[in-house]
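Okay, got some structures for you below.
Both of the next two complexes hold chain A, though its partner changes from chain B to chain C.
For the complex of A and B:
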């Protein structure tokens, strides 16, 4: 096989962190390849609307449009609609295996920046696998890309700033939620206000949304959570039961659509596959071990944005710029400008957001046996408890015993919750709560990997001398 | 509807707008169940809408593809069935 093309820098993820890193590194003179699954840069939060969709003005849309214009003008090679399915360290850098509409490719790079963002963490409940139950972040994706939400009777539940955002935007689309179910009490929000003043436009936006929900008479149940969901006759979501946190009489809401989300976790599989380690973080659960400019302990490997530590889009963008410059400096580029630090007030804002999205292990430990933990393989909490009782001591053993994390999502949906069950069970291995990531990092069709080739192109090695 | 195109879902025609994702096109028509889970044959639909959970991976033009990451195309053939199960 011919040698893979070799670059100064490959960046995986074209969200606020990755795309801004690409801009600063390319601006300093590096040859940069920016890879993303989506058709356009922006990531999840600054995502581009689908062609023909015209969502109302929004700060995230403005930021995304600005970013996309910058990337288009900079000398950055954008590889859109491209899935990274494997990465490996080589003697002089890294080799990245990608699959795109053009077929499979191996590309080499001296340095690698992982800016793969975050995934949503949902605290499971009986019935959370029913069609009609969606992630809270899923609602924001549909709103941003399609200016649309499904459903007639909608309920929004979970934790954090997204709750209010999604409920208010549903209201604006004429789909006033039947109820907003907030795990946190008002006291937690008031505490968070001290941090939210760190970004006044966002705070103003949040307060406006709250006011509009109150004016429209949308009930907000504080310190409540969904305890279970029921199917309708067609096998999709028909109703949810909502219970006060700590116990009490459940209330039933007949709904066809529920948006549920509790927290965000770093999408750090590629980093861990290359040997980067997680470190406990009091506010966000964990972070990837890296220095202030995004250097991991593995030479040539960098991280920026939520993939390393949950901070949100604006800090991710600032960090991306900083890491891009750090990479350029490490590569020997002479830089005139010193990278700016993320303003402290942005950090306070991120801390406040994260404080509203905390999930204590005890909540997962308190789930009933019949709740599905691993959606892909239908592995229940009871099955996991049984496996631990049978001797499974860490996450990989749980996988062997139960198939948890072995399905197509590869533990992205269940990993954090399975880890909480392991940590709260006696007899398990301390520090063994994380599934080892494996290639392929995403399901890829064999046809996609084989690509188009001619048999004449397959090199035939010289026969060994007799 | 501008740029109206047509796809088929389980051989029935479905009108949608060019540019939208297959998942959005189905949800807009109140089609919530996309497939059943392989282990328990439980009904499943789109969940994360950002390509991570794989719940919306169904047969699109003869290949298992994520409905949330695939844009509709005129004449596209969608079958509400997932890998190794319905």
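For the complex of A and C:
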């Protein structure tokens, strides 16, 4: 571990927001380091295909290729395949901790932009942890990276724009879903149309996907949800039971694979680790407190894209450009171009998408006791209710009482759902529904954290008094 | 005095909660006030080590009795707090550490801890996971650990069952003496009590300031990390001669890495966070001691405050000049000894003779206006 090099700006996340911010900040003259865990810029939505994979033409692929070419030509230091395991505020900025097979490295920066995108939220059901159940967003990653989906008999369930996208792409791969199970009714989609006209190419694509699914005879069960999944003899997914929302007779589908997802939430751990606060947002659940150009209340800390508020890839790209310029201006660079605002119609499109991904607390509050909430530590809804009855009033106490959120995912999968249970339980602490984020942000290999070292060089503090 | 309780305990860590429990069992009407939830500070975030090999020699007699209490927690607390009683090893990798280890083992043995020095071969029989690079180890047959994060749940159940009035998420503004006792001022209410206990950890200094008593308390910011669940890699509590490492594997497979490496923080703002270089150093030390840890991953690290007096010995006793006011904290390896310290001071609060001497704070009191450092050097 050497002395920390120091930069004008480190950007964590090379998706639409982070990479565009890097382009505008570097273009204005800043020394920029762009860090991403993937091999190439693009993030999740504009992800680069894996080497040797040739997915069909797709607007997101085109946008990603363009972005990757721009980053390659700009004076941006790209640290690809690099996992940030922690960040900390320092006297003159921030220290970003990374680990690699070469060992640990601490990099200093005056300013830090967090563009870490979104995480998937799944409304749990009995059996959702069986092998064979995948996330919808995870399916899009597989499709973009590998042009592949696992499974032979598949079912797609949940809500939001990803539902149709994954179902249509599965169809194109020759894996027509046995059903698409949509929590929303047609009325919600029709309402959303008014916002979707804000980006006609995307609307056209969505309608084409719907038409292709209809033509192929894929049943779309609207206002339905998976009520439980059953294991086969091998302990993997064998069937799902699908029930009308609000109750009714379940239908069973024998499947070996289900793709499920209900919402996207900000991947905001780094921001919160540094003290940024969440604010309630009626449409997306919450957003990170920041101004219109991405400045958080912590000096030198910025956010762009879905990490701050779920808006989708195109608004994220526009916001990234704007935030990159704002950072350059804050750093004292003279700017020729004024940053463009995100067009209102893009905002309406984002609102429409988010309106289809809403998860009311009441849905979580209605889950049966035996449903697993925290999959890393196998903590059930009933165990969480028991802990609340035992006096747990906030999320961190739930963690202590039950181990919820103590596993490798650090509460990313269960945090939003545990929060909903807390909010709907009487006697809990208002505003105490969020787990405190912890380093490492992702599990980090001891061997990488330690690297090569001599015992004599470990700076062991002076012995304790005897 | 009318309308009050016998005892108000301020601070719901393991000290305050145990005092409240024992006092209630002694027949007192008790209110416990905690500004967060029970055992969410140092008592819930420490490494849970119940070791003699990191305990100051003068505290060994207390720690031995406390160890026995922790092991018997189901009997007096009603919950086992995940206590595992096992053997412990403290390691020496250099000549200087050998000397340190021998000296410390002698002093602790003289104080009653069953510690003996062993060869590397013997150490590796006791703990096959330990590094072959060791030169010597000290072996203690009484060691172990608790699951500190279960402390709050365990004490909460016991206190509720004992009829202690719990005031969680309640901040005390100040305390002043009033006729025949003390007034404990909350935001919108005043509690009255014949006696009061200050059990506020690193905040003992500002708490005693309410009475005009100046007890300087240093704030240590201890840092910990935990691995993911992994197959058995060790079966004892492992440390090093200097005390700057503690390692143990919990029954569910995670290994907690500690030893008192310092994080970043400040008691005034009640904020603390992990120092990257400390985590790296601590993990290197851990991997050097138990090489098998090289195959796992760290999933979480965290920090917590520890209070330390000027002589690194406890502040457990009466508040001089204030009848019926007591202080309990800064015990040094405080979690280990806490239940026994609480038992002794509660005996005094109940008007009995404590089983073992308390640690009165007269020796530590500074003159009013003396500037005190709030951030000290780590000891162990």
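Basically, the second predicted complex is superposed on the first by the 447 of 466 C-alpha atoms of A that agree within 3 Å, B and C clash if a C-alpha of one lies under 4 Å from a C-alpha of the other, contacts with A are read in each partner's own complex, and residues count from 1 in each chain.
The rule is simple: a residue touches a chain if its C-beta (ideal position, glycine included) is under 8 Å from a C-beta of that chain, and two chains touch if they have at least 3 such contacts.
Predicted model, so just to flag it, every value in this text is computed and none were measured.
Enquirer: A:408 in the overlay: touching chain B, chain C, both, or neither? Say first, second, both or neither.
Expert: A:408 contacts both chain B and chain C.
Enquirer: Of the partners chain B and chain C, which touch A:365 in the superposed model: first, second, both, neither?
Expert: neither
Enquirer: Return first, second, both or neither, reflecting whether A:443 touches chain B, chain C, both chains, or no partner chain.
Expert: Touch partners of A:443: chain B and chain C.
Enquirer: Give one of first, second, both or neither to describe whether A:331 is in contact with chain B, with chain C, with both, or with none.
Expert: Touch partners of A:331: none, neither chain B nor chain C.
Enquirer: Once the shared chain is lined up, is A:77 touching chain B (first), chain C (second), both, or neither of them?
Expert: neither
Enquirer: For A:245, decide between first (touching chain B), second (touching chain C), both and neither.
Expert: Neither: A:245 stays clear of chain B and chain C.
Enquirer: Which partner does A:375 contact after superposing on A: first (chain B), second (chain C), both, neither?
Expert: It touches chain B, and chain C stays clear.
Enquirer: Once chain A of both complexes is superposed, is A:176 in touch with chain B (first), chain C (second), both, or neither?
Expert: neither
Enquirer: Is there a shared patch on chain A that both chain B and chain C touch, and which residues make it up?
Expert: Common to the two interfaces on chain A: residues 407-408, 443, 445, 447.
Enquirer: Write out the stretch or stretches of chain B touching chain A in their complex.
Expert: Touch list, chain B to chain A: 2-3, 17-21, 24, 27-28, 30, 32-34, 37-40, 42-55, 57, 63-64, 68-69, 71, 83.
Enquirer: For chain C, which residues are in contact with chain A within the complex?
Expert: Interface residues on chain C, with respect to chain A: 37, 40, 44, 54, 56-57, 93-94, 100, 103-104, 107, 133, 149-150, 152-153, 156-157, 160, 168-169, 226-228, 240-244, 260-262, 264, 273-277, 279-281, 283-288, 293-302, 312, 377-380.
Enquirer: Which residues of chain A touch chain B in their complex?
Expert: 37-39, 44, 50-53, 119-120, 129-135, 137-138, 141-142, 145-146, 148, 150, 231, 234-237, 256, 267, 375-378, 403, 407-409, 412-413, 443, 445, 447
Enquirer: For chain A, which residues are in contact with chain C within the complex?
Expert: Residue positions touching the partner: 1, 86, 88, 95, 97, 104, 106, 273, 387, 390-394, 396-397, 399-401, 406-408, 410, 429, 438-440, 443-447, 449-450, 453, 455-456, 458-466.
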